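Encoded as structure tokens, the structure appears first; notes follow it.
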Amino acid sequence: MTTTTTKVPTDLYVEVQQFYAHQMQALDGGDFETYSRTFTEDGEFRHTPGREPARGRATIVAELVEFHRRFEDDPVRRRHWFNHVDVVAEPDGSLRSRVYALVVTVRPGAKPDIAPSCVVNDVLVRQDGELLTRSRYVEHDQQS
Amino acid sequence: MTTTTTKVPTDLYVEVQQFYAHQMQALDGGDFETYSRTFTEDGEFRHTPGREPARGRATIVAELVEFHRRFEDDPVRRRHWFNHVDVVAEPDGSLRSRVYALVVTVRPGAKPDIAPSCVVNDVLVRQDGELLTRSRYVEHDQQS
Amino acid sequence: MTTTTTKVPTDLYVEVQQFYAHQMQALDGGDFETYSRTFTEDGEFRHTPGREPARGRATIVAELVEFHRRFEDDPVRRRHWFNHVDVVAEPDGSLRSRVYALVVTVRPGAKPDIAPSCVVNDVLVRQDGELLTRSRYVEHDQQS
């Protein structure tokens, strides 16, 4: 029988979990500088299918600022939820991580809007002892 | 004071988390063979209250294929989300795991439908070093 | 570069995860005594913004019983989902934990209602070897 479970060591899996908790709370808290520093210097972030990814920390920040400018007068709040973090170690030492995501959007007095449903495809690498996202490609379930 | 927290060792808890991430991504990805191999050979899967459980890997695959045949012309995608994995070690070495679940159903261009809410009751065992589901009984919150 | 990731040791992070799984399944299962015992004797639980927190285990139980009395004839079921558990160790040995939460409310035959979206701000301490909540302040996204 071939093994059906891919596993990484406990410490590493928990590090990835803490990395995501911190990274996504930074994003949702509007701390785009901190979010961008969870990527490598040349990190890629493709949030929208069919669009070119943002490349590099400065560009990632700029795209997030640009996106959120549209909501300047809109007291919207977003929470990116993650689930089923599936991590595979690659021979080159990087990690492939495939994670379910749901975006919870909240406006005062209204019920949360829960959409879209996505799959986040990350390559994570370690630099100076720290885990960083080298690339993040977000697939949207609504489009596949 | 009696302890209020049941705990299993760190390595084991994280192994269960990785097991579920892998198992459920296989199911949602339509890889029913891989999903069935996360059960023991004689594993039981009762997905629908009041119905007999599917018994054995071949039957589990057959029921999943049968279920999904109904959606052959329907570009539907499902994501099974899990939360609050509560694991208790039994004296016989098996694990009882009780987990919240929500099914996210997505169709192109539409918002995700998030239903039903369930509780997954698993018995997990180790065979040849690997964690496997010996039985899975799904309770539906809407019916209780 | 300053570190962007706050981390606690693996064992501790997994202990917090198991603590939450157990604590919230107790709450949702209506076992308010067990839930209250996951707080310190003088623990604070502020579930509603603008209201005084419940202080002490007996008060926490009393408020939960009072709240649920309203639903005596209502076969409602609630599931509190948590996500992105972000834990920081304080110099005094306590833990600050900031967690996303969604309340899933289910009634027979109906679709789950998923609201509100919250952020749970906990201070966790260890007493007699056991992790306990010293204070829990729940922020509601809809009001901020």
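Residue numbering begins at 1 within each chain, and the chains themselves are lettered A, B and C in the order written.
Here, contacts are C-beta pairs under 8 Å (C-beta built on N, C-alpha and C of every residue); 3 or more make two chains touch, one makes a residue touch a chain.
Keep in mind that what you see is a predicted model, and the values were worked out from it rather than measured.
Colleague: Chain C and chain B are one sequence twice: same or different residues at the contact, by the over-half rule?
Modeller: different
Colleague: For the identical-sequence pair chain A and chain C, what's the CA-based rotation angle in degrees, nearest 5?
Modeller: 120
Colleague: On a C-alpha centroid basis, what's the spacing between chain B and chain C, in Å?
Modeller: So the centroids are 25 Å from each other.
Colleague: Where in chain A do residues touch two or more other chains at once?
Modeller: If we look for residues of chain A contacting two or more partner chains, we find 10, 14, 83, 114.
Colleague: Within the complex, which stretch of chain B touches chain A?
Modeller: It is residues 10-11, 14-15, 17-26, 34, 37-38, 77, 79, 81-83, 104, 106-112, 114, 128, 130-131 of chain B that touch chain A.
Colleague: Across the complex, what residues on chain B touch chain C?
Modeller: Against chain C, the touching part of chain B is residues 1, 3-8, 10, 13-14, 83-87, 98, 100, 102, 113-117, 141-144.
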